[in-house]
Structures are given as C-alpha cells and as structure tokens.
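Heads up, the next two complexes both have chain A, just with different partners, chain B and then chain C.
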Partner chain A sequence: MAVTALSAAESKRLSPRLRKLEDERWLAMALLAPTAILLGLFIAYPFFEGVLLSLSSARVGDPGHFVGLKNFHKIWDDSIFRTTVWNTFWYTGVTTVFKLALGLWLAILLNRHFKGKAIIRAFILLPFIIPTVLSTFAWKWMFDPTFSVINWSLFQLGLITTRINWLGDPDLAMTSIIIINIWRGVPFFAITLLAGLQTISPELHEAAAIDGARPWARFWHVTWPLLMPVTLVVVLFSVIQTFADFQLVYVMTGGGPANATHLFATYAYQLGIGTGLLSEGAAISLAMFPFLFVIVVVQLLYIRRVETR
Partner chain B sequence: MIEGALWRRWVFYNIPLILFVFVLLFPFYWMIVTTFRPDGELYLPWNAPNYMPFWTNNPTFEHILYLFEETNFARWMFNTMFIALVSTVISLFCGVLAGYALARLNFPYAGGLGTAIFITYLVPQTLLFIPLAEIIRNFQLGDTPWSLILTYPTFLIPFCTWLMMGYFKAIPKELEECARIDGASRWKAMVYIIIPVAVPGILSSGIIAFTLSWNEFIYALVFLSSPDQKTVPVGVTSELIRGDVFFWGPLMAGALLGSIPVAIVYSFFVEHYVAGLTGSVKG
Partner chain C sequence: MAKTKRRSVLKLAGGAAAASMGGMAAILASGRMPAFAQQRTVHWLKWVDFVPATDTLLKREMMPEAEKALGVKMNLETVNGNDLQPRITAGIQSGAGADLIMSFNSYTHLYANSVVDVSAIAEEVGKREGGILPYAKAICSNGKVYMGMPWAVIGGMIAYRKSWLDEVGVTKFPDTWDGYREAAKKLKAKGRPFGQTLGHTFGDAPGFTYPYLWSWGGKEVDASGKVVLNSKETLESIKFMQGLWKDGMDEGGLAWDDTNNNRAFLSQTISATLNGASIYIETLRKPDQYKTEKGLPMNKDIQHAPLPKGPAGQFGFHLLQSNMLMKYSKNQDAAKEFLKWIHTEANYRKFFESQKGFATPCTAKWESDKLWDVDPVMAPFKVAARLGQAIGNAGPPDAKAQEVLSKYIITDMYAKAVQGMPAEDAMKWAEAELKKVYV
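Then we have the complex of A and B:
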C-alpha cells in the first residue's frame, strides 16, 4: 500500500509521458514495441509473403499469378526433392545421435578436476565459435581429392592403398558432410551437457555407490534421468539447426555430385536463387515448415512431460 | 570420482580427451599451416614422395598479401565487423527491454507473447530467405549493409530476449520494490537498478549475438551482390573460387584472418560465452 501511495505522489511530478509508463500495461507495450516491429516486419510479413509466393508462378523479373498448389504438386513429383527429403532426415538423424553420444562422452571426460581444464574447455568450443563457412573450407581442403591430408594419413597408416574420392561419390560425400556437422556440433552438446552434469549433486552418486551400484548402473539410473531435461532442449535446438542447415552443404558439395547431397535449404537456394524460380524455391523452403512444426511440438510436449514428472 | 590405478585414468580419461582435442582442433592447425605454405608445396599430390603435410620449412606471406592486394578482403572485414556490431547493439537494446517486460511485468497476453518469442527463436533463417529477399528489394535495401543490419536482429532478438528473461527472473522482486519505496519511478527502477544488475546477462547475449552475426551466411549471400559490400564468409566463397579453381592458399589465409576477430572477442569473454550458451538451453 505504501508503495502505491508513494509512487502516486511521485508520479505527479513526472511528465505526462513518463506518468503513463507507471502503468505496467503501457510500460510493457512501450518496451515490446521495437521487438514487435522488427519481428513483424522481417519474420511475420516474409512468412506471409512466402506463402503467397509459393502459391504463385513468380520468377525473377516476372511477378506471376496465383496458381494454387501447383508448385507443391510439382515438387512432390520431383525425384530430386524426394532425395532431398530423405537426405535431410538422414543427415539430421545420424548427426544428432552422434553429437549426443560424443558430446555426452566429452562432457563426462570434462566433468572432473584436472590441470588446464579451463583452457581445454575454452579451446574445445572453437569449432562452434569460428564461422561455419570458414572452418568448412578447411575441411573441404582436407577432403580434397588430390591433396587430401586424410588420405595421406590413412595411406601412411596402411589403412588404404588407393585414394578415397571423398566428395566425388554420393554416399561418401554425404558421410563427409555428416562428419563435419558432428565435428561442429559436439562442442555445443559437450559444454551444455557439462553444465547439466555439474548441477547433479555428487552425494547422489555416493549414495548409489554405497548401495552397490556399478559405474554403468550409476550413470543409467542417476545421471541420465537427471540430465534428461537439459538433453532434450539441447537436442531440440540442434535438430532444428541441422534440419535447416545450408552453409555446410553449400560449401562442401553445393548439393552435388548429381544433386545427391541436397538438403531443403540448398535445393531451395538452387531453384529459387540459382535458377530464378522464386515460387518453387519458396515452396521448397516452406515445405520445411510442417516437419519443423511437428518436431518442435513433439519435443516440447515431451519436455513438458519429463519436467512435470 | 574415479579411483584406481594410473593406467585406468589414462585409458578411460586422458587418452580419449587428448583424441577429442586433437580432432576438434586439427582443422584449425591445418588452416594455419596452409596459410603459410608456398604454392609449390601446397599442390603436391598426397602420395608424392616428398610430401610433408604437417610442417613447412619455407613459410611465406604471399597468400596473405594476395588477399589484401588482389581482393577486397580488408573491406569485407570492415563490413562484417560493422554489421555484426550494429546488429548486436540493436538486438541487445530490443532484447533487454522485451526480456524485462516479459519477465517482470504483469500485462494481458504476457504468456502468449513469451511463447511467440520462443517460437521465433526456433525459426531458422533458411525458411524465409526467398520472400525476405523480395521484401529487401522492395524496401530498396538490397546490396547495402542495412539489408543485414535490419534482418540479423530477427534471429538475434528472440535469442537475447530469451536469455535476458532468464537473468531478469533471477533478480529478486524486492530490489525493485525498495527502489520504488525510495521514490523511483518504474522506468528509473528499471534503468538504474535492474538493468545494471543484469549486466553479466547483457554481456553474454552480446557476445553470442556478435559471434552469430559473424557466422551468418545465407542472408549475406542472397542480399549482397557487389564485391565491396560483401562480408568475409561470402567474399571468401565467391571471390576466391573461380569456376572450378580453388585458390587454396588465399582461401585458408582468408578463413584464418576472418576467424581471428571472433576468436579474440571469444577469448576475452569465455566465461560469459559459456554462461550464455548454457543459459540459452534452460527451458
């Protein structure tokens, strides 16, 4: 009560504009306005435009007209698009499993006291910090068919006798891209899961150990369930970023060889920007939306279930 | 946590950790070696007898000089820095205010707006780049830094808002109430009491926003066209590859130099970066 009385007295001395900001609703509106304007202008509006574009016959220099779902029919019958859908799911699934497994392993390795821990942790995050395009070029150079240092190393170790054409073969190209994505994503998983591990009280482990639980059982019945909420959110972010990835594939293969490594984004870029078929490109981009939507909803429901358990 | 013999510690902890560090850092080492290696050594086939991949005895600056003399590299660095800084400042401004409103004020639809922010947080850039390119052209922003300065906040603001909400929620309500009892207006309590307390959060969001904008690629690739407007990632991609010919020396030099500003900023604020990263995945 004293608060309101005082602030009422105070507000008499304020200019009318500032007095209005004493009302929480007005203040909230004022504070949210810049965000709402920017996001409305550059997310909501383009989304709406994108839907219209995907239902039209627009090309570069030709606004086109309304054609209904024709673009979606067309991409549905497009064999490259089907490969693209398959690739995107394969890429997302495989990389997520490996990133989670390796990231968790690395987090456990880091979750103890040793000399130089802070420095190692700082260096480990570098793949995640350095601009993806730039580090991917280093990988592309390492995978170069003629000058590959990886081939050289495998040859010197006696594991191969002829060169491996990493980016020339469709399956190998996909594998190379998957390796790089894992390389880039593991630090993110490791550092965030490490933070999760650090919140787990060591007493729980000691109690379990006293009750006779072996290390593996301790991990499975103590660490893993407690780590679940963090893990789910990390996986959610990673899945969305991976599903919508562009940079890595664009630099490594550009979707080749023979359109075998396209993801949604690279194929949309090739058709929409490369060939100028804006409407089809927009349709392919938007085709990501239902998949992403389902992934997000399922994961959020699951997260809520785990958190309220 | 682990007891037992020394060999167990090596087998289960030290050796795997060393392998992880080696694999995670090797590409950067490779970038550095290539940058200083002369062309004559660079283009030896991998099975040539005198191929010595991990070291060079004839270090050279020719690739770095090539970047500055034959391309607009200095200009790209400036562009990237300018765009990253301005869009980070805009995003911090919007994100701090919006985060404060969503975390500490009672108003209708607060919950709904919070969810809306979270959903935009999850919208990837690749979903909207084609219609956005049209909009940028209609607004006459194409091929200017403003096309990126105004669009980067679309993925930075939701991130900053989300992170700042977490920080603001952790500040006790009493702090604000004390200020108001002492006669501060709501606005003043926010600007002089709450926001200063949240400075670590602002630093964390700022550093991550800066690295994210330095990393952004597809908008820069689509919205910019003239060589002197480009950012480092786009410039390196489009100007150092001619047809099928890759200029590997300058490419690696560009990748190395282009990474240095981010690495420097990161090295000064590692702890804030890590705090932001782990804060961003808290539900």
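Then we have the complex of A and C:
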C-alpha cells in the first residue's frame, strides 16, 4: 500500500497535520470533501430549504409559519394539480418510448459505415445542442394557429381542407409538445446508444452470423442484451429530465389551453412565481419527488440485476 | 539571460497599474469610496414599451435630465412584461434588486408587504391633477397606503377593419353582444372572423373574459368576499360564448398569446380583436408594409371601439401599470425624489405625448388633454382609465383576486366550455377553484 511504502525518514519530515492523511480514512475524507461540500451546498441545502418551504405558509415577502402538511392537502384537492400529474406521466411515458425506439433505430443506422459519417453524426446532435427555448420558438411558429407551416403544407398537399388547431385543442396541444420533446430527445438517445453499440465486438455478430442467425435474431440475442445497461442509464436520465421539463411547455403553451399541458414544473412556477404562493409552489415541486424516487430506485435495481447477470 | 522572477513581474505590473489609475493603494490611503460609488443610484425596472419611441425618449433624454436635476445616477432597465414577476420575486426573496419596479394590475396587493408607502407622492399628484381615478386607486392602494405610484393604463379596445364591417352592412361597431355575434357570424362566413385569445396569457385573455363576465352580470365574489360565480348570469354568459365561438370567432384563439392577435390582424386573417392600440400604432409606423387587399394603407381602415354592453352594463379591464418602491431598496429617498420629478406635469407630458394615446394617465386632468384631438382613431382610449373595472368584482382587487387571475380560472372557464364541456360543468369547476382561493 502506498502509505506503508513511505519510508520512516520521509514520514518524519511531514508536518503532523499532513501525517494524519497517512491514515486512509482521513485521506478518503479529505478527497471527498470538495464533492461533498458542493453537493451539500447546491443540492442538499436547496432541497432541505424546499422541504421547509413546502411545510410553511410562505408567500413572496412573507416568511410565513409552519403549517405541517396543509399545502399537500390543498394540492391533493386541486383539480388542476391532478390534471398536472396525469399530464406529466403521459408526457414522460409516451416521449420515452418514442425516443428510445427512434434513438435506437438511428443509432443502428449510424453504426454502419458510409460516406460523411462524421458529419452526419455531428448534425444529428443539433436538436440537442440548440438551446431549448430557441428551438421551441421555431416550433411555436410551426404550430402557430394562423401561420402554421405544417397546416400550409398539408393543405397544399390536399390532405386537409380546414386548419388543424394544433395548440388550441387540448389533445393536439399535448401531442404537439410530445412531438417536440421527441425531436429534441432522440439525438441524446441515438448518440449514447451509438457509443454503446461501438463497444460491442463485431466478432460476436460474425460468430452469430456464421451460426446462421438472421439480422433480427442477431439484434435480439446479441445487440439488445449487450446494450441493455447503457439503454437503462439513458432511459433513467431521460425520464428524470422529461419529468421535470419546464422550458418547452412554458414557451409553447404556458400550460394552456385550460391547463391541458401543465406539467409539475410549469404549474409550480405559475403558483410560486405567478401568484406568489411560494409554499404551494414548493409543495408541487416536491410532489414530483416520490414519483421520481420510485422510478429511479426501480430502474437502478434493474440495472444492477442486468449488470450482475 | 537574466532570470525573471515572479515577484519582479508582479511589482512591475502593480507599478504600471498604480501609475495609470492611482491603484487600490491610493483608494485605500484616501479613506474614501471612489467617486462613482459615492453617488446615489436609482435602478428602475420597467417593461419594454410597446411604443419603442418612449423607451428611446426615457433612455436618451429623460434619464440624463433626471440625473442632472436630482444629482443621482439613473439606471433604467427594460424587460419583457412577462419577466417582471420573476424579477420582483427574486428581488424580494434575496433582498436586493431594482429600487423601483413596474407593477401590472394587482401585483401591488400581492407584494404589499415588500413595498414602501408612496401615498405622499400619489396624493400630491392627485391633488394637482384633479384626483387619482378610482380604478387606479383601487389597484394601487389598499385604503391605507399606496403600494405603487400609479403610472398609466394601457387601454384595451376592439380594433376593427372598418371597410370589412361596412361590406357586411355593419356601419357602426356593434354595442351589444348580440350585435357583436351577428357581425362576427357574417364576417366568419366570408373567412374574416373576429379573433380573441382564450389562452394562458397575461393581457388580452383576462382583458376580454373578465369584462365579458361582468357585462352579463356575473361576478367572482360579493363585497364580503363570498364566491358568487355560480349564477344564472354566469351560465348565460358561458352558453352565449359557446355559440359565439362557433359562429363568429377564429377558433385558433384558444392557443393565442398576447402577440398572436396582432399578427393575425396585421396579416388580414381576422377582422376585429380586443387589443391595446399597438396594432394601429404599428400600421402608422410602417404604412408601406401594412396595406389592405385594395392596396390602401391599413391604418386608414382601422377604428377602435369599446367592448359591447351586456344585460348588466359595459365594462373594461385594462392593464394598469404602477411603480413600486421596494422595501429592500437602499436608495428610497432618491427613488422618491425621482418619482416626484417624473410625475411633474412637464416631465410626465413628455412620456404621455411619446405614447400618442397608447397609455392613458391615471389622473382626471389628462382626459381633456389636447393630445386626444390629434388623432380621432385614438380618442376612444382617453376614457380607458375612468371606465376600467378592477378584478375581484365586487370585492377588492386584492391578492386573492390576483391569484384567481394568475391561475387563469375565469379564462379557463370559458376555454373549457368552448372546447365542449357543458356550460354548467365549466361554471361549477371555476366556482370550486375560486372557493379554494377565497377560503
């Protein structure tokens, strides 16, 4: 071990404070400290403050007092909140399935050899690189009730005779933001899964092919199982991000029409910032936590199972 | 080669800096703050004006004048109207930010604990200018203190295409909801519907739905704060809206924000919409760009009219702007001096004239100003501040009323109904939501 390898003469020269670090426990703590402080300061402390806020009657400019679980009771009774919960699950579920399917498909295509591979791979990432607010504004124009280029194209092709009310109809508005989220998220899936694909040795495919496995069988019995750990991690990240999405909905619909597209984050913002009810806003944000916690624990357990198999 | 030591480099650099600026050492030795930090500063945060000329005037001329007159440094910052609230919240919670912040509507009641009373200034201006109008007083004052200094009302009127209405035989803009629906129906049949937002947006949506509700006799609460939304009158208004929407309105309006109707009007897809004067002002600014289908300047074909009357009367809900002096401000005296300065008649007039009628002042005297004679198209806006009705009707426009507004409950009641929810259900939903606020 490194510590014991130090000669007696060397350790004599060290100051008493530094000598403490010869003990592995102290060294480990010293090395962990910066990360622990950062996490504590920027994650644990705000989280703790958020919990306190949700248990108080705080409004903007009024620290309020402790009210226990009253805010949670209140939002439980709130029909807009219930709509929000349903919206968030639907939004996250649908987008994740599509992002995974399309991302995997794209990754497999990109894993082949073709001319201009590097450039295409770089371009694929564009939706993910462009700041969300910027690209969402472009989409907003495309779904605009009056000037929608999508409607115009469908009309010119003779597929529709009246305008489609993309953002005005509750179901279509949800569909619209789901489409945008998928568009934005597919590159993340594609590139990460591509990285996973490249770690799979081609020899395995060759061996399977020699044994007579057809492409679908090769994918199902070779690629998919080996890609599973990466896939699960990507899905985990994506679920967390999508569940807590804000910018996209805020820019597109502000949660409308008639709350049909509110997610946890946008509704928390509307109550906390828009109405000044900081405590209720915090309660709504925190209501996200148990759901996400369960999702994350289940996924992490599954990942461990897959990895130790 | 001589070896360059780290210390000698530092000495050299320090010497150069000290020689050019006197350096930190000089500042410390003098025992005084440098001149620029000694000066009092007033940071004023307001919206980006829909009339760009006003912001140019304020920044280029009026702020330097104020600096000279008051001996303070003025820092004027403009942000999108939707971003004011996050900035106010951040300022109050962190105890630092702009000294004066523009408030929309009842933000004044929402942040009442965090602002300084400006009654003295408001009363002085009111006395001098024929009194602060009741609409502005109800929103800016809680009866004891003024939480904001009334600045202006951005009147909302229906902008309409005169020639298009003439074509369907409507020579005067309808002043009843039945007439409004009739005209809209005829125009929608010609592909030129009326347009109105029922989306989640701060200005035009509540600006339409609240006065609409009141004009039918519906009210959010009674004077004691009891929720009275569930009424025959409210139900009538919802049923009428369902028919109106199908018959005469642009159905895309459910998703519009405050800018969509401007664009739809300017691109000639709708014939009338409730709005500030910004549509008309835009056509004045760019007469070559905005032309009618006959090639004439569009500004010659635009007229303004108030929202129609209902069985219970005629109402308007206009964006009222005031300036709040924040409690955390360390420059309260300087900020008060600035408010007094900008509200002197000569200075306020510069602002008022630059708006060309887009903003209506909050005191009685300006209603008879000669500016309203310059352009007859703008004349209907002069009474916006007088005819305005504040939210929370018939109670006060307090924090609870603002909560109902911020949650878009009244707007969503109509939005749900035109999307197919039965009128009774939509009303009951809104009533239940209101009761959660007014507990």
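The criterion applied here is as follows: the second predicted complex is superposed on the first by the 270 of 309 C-alpha atoms of A that agree within 3 Å, B and C clash if a C-alpha of one lies under 4 Å from a C-alpha of the other, contacts with A are read in each partner's own complex, and residues count from 1 in each chain.
Keep this in mind: a contact is a pair of C-beta atoms (placed from the backbone, for glycine too) under 8 Å apart; a residue touches a chain by one contact, two chains touch by 3 or more.
Given the structure is predicted, the values throughout are model-derived calculations rather than measurements.
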First (chain B), second (chain C), both or neither touched by A:Trp90: neither
Scan A:Leu286 for contacts with chain B and chain C and give back first, second, both or neither. first
Quick check for you: in the superposed arrangement, does A:Ile273 touch first (chain B), second (chain C), both or neither? both
Looking at the overlay, does A:Trp76 come into contact with chain B only (first), chain C only (second), both, or neither? neither
Chain B versus chain C as contact partner of A:Trp220, first or second or both or neither: neither
Going by the contact rule set out at the top, does A:Pro257 touch chain B (first), chain C (second), both, or neither? second
Residues of chain A touched: more by chain B or chain C? B
Looking at A:Trp183, would you say it contacts chain B, chain C, both, or neither? Reply first, second, both or neither. first
Give one of first, second, both or neither to describe whether A:Pro170 is in contact with chain B, with chain C, with both, or with none. second
Across the two complexes, what residues of chain A are contacted by chain B and by chain C? 144, 146-147, 163, 272-273, 278
Can you tell me which positions in chain C touch chain A when the two form their complex? 85-86, 88-89, 92-93, 110-114, 198-201, 250-257, 260, 263-264, 267, 269, 327, 399, 402-403, 406-408, 412, 415-416, 419, 429, 432-433, 436
Using the touch definition from the top, list the residues of chain A that touch chain B in their complex. 2-3, 6-7, 10-11, 14, 18, 21-22, 24-25, 27-29, 31-32, 34-35, 38-39, 42-43, 45-47, 49-50, 53, 102, 105-106, 109-112, 118, 120-127, 129-135, 137-139, 141-142, 144, 146-149, 151-153, 155, 163, 183, 186-188, 191-192, 195, 202, 205, 229-230, 233-234, 236-237, 240-241, 243-247, 250-251, 264-265, 268-269, 272-273, 278, 281-282, 285-286, 288-289, 292, 296, 303, 307
Which stretch or stretches of chain B touch chain A in the complex? 1-2, 13, 16-17, 20-21, 23-25, 27-28, 30-31, 34, 42-47, 51, 53, 90, 93-95, 97-98, 100-102, 105-108, 110, 113, 117, 119-120, 122-135, 150-151, 153-154, 157-158, 161, 177, 180-181, 183-187, 211, 214-215, 217-218, 221-222, 232-233, 236-237, 246, 248, 251-252, 254-255, 258-259, 262-263, 266-267, 270, 273-274, 277-278, 280-283
Which bits of chain A are touching chain C when the two form their complex? 59-62, 74, 77-80, 144-147, 163, 165-170, 173, 253-259, 270-278
